[in-house]
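In what follows, structures are represented as structure tokens.
Paired with subunit B in one complex and with subunit C in the other, subunit A is shared by the two complexes that follow.
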Partner chain A sequence: MRDEDEIVRESAGGPYRQIVARGVSRRDFLKFCSAMAAVLGLSGTFAGKIAEAIEKAERPILVWLEFQDCAGNTEALLRATKPTIAEIVLDVLSVDYHETIMAPAGKQAEKSLEDVVKNHKGKYIACVEGSIPLKDNGVYCCVGGRSAIDIAKEVCGNALATIAVGTCATSGGIPAAAPNPTGAIGVKQALPNVTVLNLTGCPMNVENLTATVVHFLTFGGLPATDSIGRPLFAYGERIHDHCERRAHYDAGQFVKQWGDEGHRQGWCLYEMGCKGPETFGNCPVVKYNEGTSWPVQAGHGCIGCFQPEFWDKMTPFYRRLPKVPGFGVEVTADKIGAGVAAVAAVGVAAHRIARAIRGKQDKKEDTE
Partner chain B sequence: MEKRIYVWEAPVRVTHWISVFCLVTLALTGVYIGNPFITATSADQYIMGWVRFVHFVAAYIFVVNLAVRIYWSFAGNKYATWKALFPFSQERIITLFRQMSFYALISTKPPQEIGHTPLGGIVYFLILVLCGISAITGFALFSLYNPAGPMHILFGWVFSLAAIATVRLIHHLIMWFLIYFVIVHIYVVLFLDSVEKNGLLSSIFDGYKFVEEEKTN
Partner chain C sequence: MAKRITVDPITRIEGHLRIDCEVDGGKVTHAWSSGQMWRGIEVILKGRDPRDAWLFTQRFCGV
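This part shows the complex of A and B:
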């Protein structure tokens, strides 16, 4: 239970006041700022600048929309083992609308969204989780009687910036997997004229959302992005190139079967279909759950969830190469290749024999 | 009377054999990269590292070699010309049909050709396209280690056409297509050499073919 005073203190002033009110020491706060500078790929000298920015920051308003999703990114946002500074920084965003965690329900809840759009037009940040279905006029995802595309147009269209969190919101994700029955697409595809930052991942790494918010508070804008709108600080390099198992890859030490000797020794999961070489992300560096672990550290290959349409493009997850279109999933590219090579060899031999027979006939005809 | 004529100039023969060497090296190392069948006994080894290095060096040699051959298709003699890959004149098309009827065992006499045959030209053009796609997808995959680097600026556009995993599959499948080509190519050379008896097989070593006098003009 918190006393009245504390609540008053918390609601007054910007993020820093609240961080102090929560009992975080100055030292821990600066440590957090240095860590954020590192995640953003900035030099250590920026820690001071970040600290200054957070100290001065006004409470930014944020609305969180959920469309065709599983609330996995909400879980990533809310995961709480202990209250971290990152969590508080995210907390101090004035989250005025979030279906999963807000207190009001029904008409009242929808009213808070309307209020934000009306009163803070062009000033709030919109986070979108989940894909937007367009088929059949978008009937497959409606909130309060309005279709997802309708809500997104209004809320994202009037926002300062939109952050698409998770692979569903960035490229359609699992709802958009073949045959995509609802015509699901990502936010940027649905609203090409809106400023959208894509934080892919299934779920996205909340450290990257925190860093994006910190970047926003420090520099007053969104970070530099790659060709598909993902911030370079998080998606600028390949998982494979920062993997802790990379040395085993270069050496030639590979896990051949789950639970074999190599697997127990922590060798490379390349042959088990790890998609680290196909995936851009900072998972090996920042990890998950406050740097506890990440899939490859836990002994499972990457499934490439940071890449667009990973459900279609990265499968089969436990094979090196995707399946060849038109062939069954059990048939690998190499089986098809070797099969056709055998046919070619047999064809060549058959041709030679046929020609030899034909040649003899010919000679006979000539002599007759 | 048969006449000995110089068909394949030195650059044609040298680039041919460098291509052979590169394709064999690229296929062997490529198979290992796709499916590393040798396991290192200690972490001090660098098997995948060296195999990839050899693959990349062979790739560079292959591409430069290809560029030299393309240059020679403009600078070389009439048998080395790029025009051989586009046999679409009336005369060449007639030869093409005669050639196909020979391969289909309808006729037993092959049309006598000194340089590339029309069918050969078409196949070599397709192989050139395949090698081009293989090189582009290969360099694109290679560029992933540094998405800010010049290689990615040159080849990164590939990934706006296809996902990285799909590009890898394409690169892999092209190897198989080239293997089919090699099987058929070697067979056809041996076959024609035995039927035509014009020194076709030895011509890729010494450049000379034996042609009946009236054909040489």
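This part shows the complex of A and C:
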């Protein structure tokens, strides 16, 4: 009798055929679909729909443009320690152009890109990594003699959709940090009329790219986004609200110095500069390197890399969140002004009040 | 007559590299390599908290 896998293998099309060809069992595939449903914030019943969509999907064409980048997002895409189903799902994309990994160079490389734009106009997905410099006619980033902005206009302008990966592509990132020597901006800023989905992060979490692709295959479109174009499933909640150190925050147990007793005990890193209370992302839930860890778990505060312009707004990285009142906050809590930290600050303030009431006030720490 | 050959981009590396060579009688007589991208991280680092420097410089290359 033929097993279920065998039957599925024969009837499958497109991406799914490749997944089974890589030796992934039906069971593992369905597990992956349930996990993706969870990342996307969908109920478990959607797993079946996701599976069906991946089974039936055509192989989508993708081009990956690199501008003012460090290839960190490329690495996130490529560096899984073992082939995972996520990696395979990303493999099902037909990556027709990617400078860092493609075999052709020079004119042949550029021809691959021209061919996609010409032959698949309006049907391919463009991923962009790195910012676009506008100063001095875009001379600070050129590929094949063309400026980044020139290439982006043509390639993103003719794509079905553009996914900006990493904080540089989404908002300028490190090149745009003050004094922004090259006039760097993000893709959406450079091309306001183009459909751009922003996957912020330095680098972005590849799980979120996978989930975006799965969403695309399942629903035929991009996921719902927040006001800065980031998918809500990944950027809808505050890091601080899902952090495993949160109980220590609530209990007033803070690391005061690297390597102190609290640090060894895994206490809250807020006073060491953690930006988790101001940062929106699913790092504590999804983690990195196949769910192994994330920065706060490893013992360093969040640097806020999912937030636009974090190189200027979140620095100095080791200073406790600016504008968030310290102890003795009772008198200043109502003075907290607008700003990225407004909501977090209220949370922190309330917490400080509670601690002050409990008599744990420590004036010494209010040194900023 | 010397012939000029340009390969841009050089792929399978990170960093937007361009190579120009001059070939004369089947021999490369001159060659130039140039980085086609600049971000100015050195300029951006000026005046910042020194403890933050590693986070900036680490982003020179993500490979």
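Things to note:
As a convention for this text, the second predicted complex is superposed on the first by the 307 of 368 C-alpha atoms of A that agree within 3 Å, B and C clash if a C-alpha of one lies under 4 Å from a C-alpha of the other, contacts with A are read in each partner's own complex, and residues count from 1 in each chain.
Basically, contacts are C-beta pairs under 8 Å (C-beta built on N, C-alpha and C of every residue); 3 or more make two chains touch, one makes a residue touch a chain.
Source: prediction; values computed, not measured.
Shared-chain residue A:270: touches subunit B; no touch with subunit C. Shared-chain residue A:280: touches subunit B; no touch with subunit C.
In the superposed model, A:298 lies in contact with neither subunit B nor subunit C. By the touch criterion defined above, A:254 lies against subunit B but remains apart from subunit C after alignment on the C-alpha atoms of chain A. Across the interface of their complex, subunit B is touched by residues 226-227, 236-238, 241, 247-254, 256, 262, 270-271, 275, 277-280, 304, 307-309, 313-314, 320-322, 324, 333-334, 336-337, 340-341, 344-345, 348, 351-352, 354-355, 358-359, 362 of subunit A. For subunit A in complex with subunit C, the residues that touch the partner chain are 66-75, 99-106, 109-110, 140-145, 174-175, 177-182, 184, 202-203, 303, 311, 315-319. Residues of subunit C that touch subunit A in their complex: 6-16, 36-41, 43-44, 48-49, 51-52, 55-56, 59-63. Touching subunit A in their complex are the following residues of subunit B: 34-36, 38-40, 42-49, 51, 103, 105, 108, 144-145, 147-148, 156, 160, 163-166, 168-169, 172-173, 175-176, 179-180, 183-184, 187, 191.
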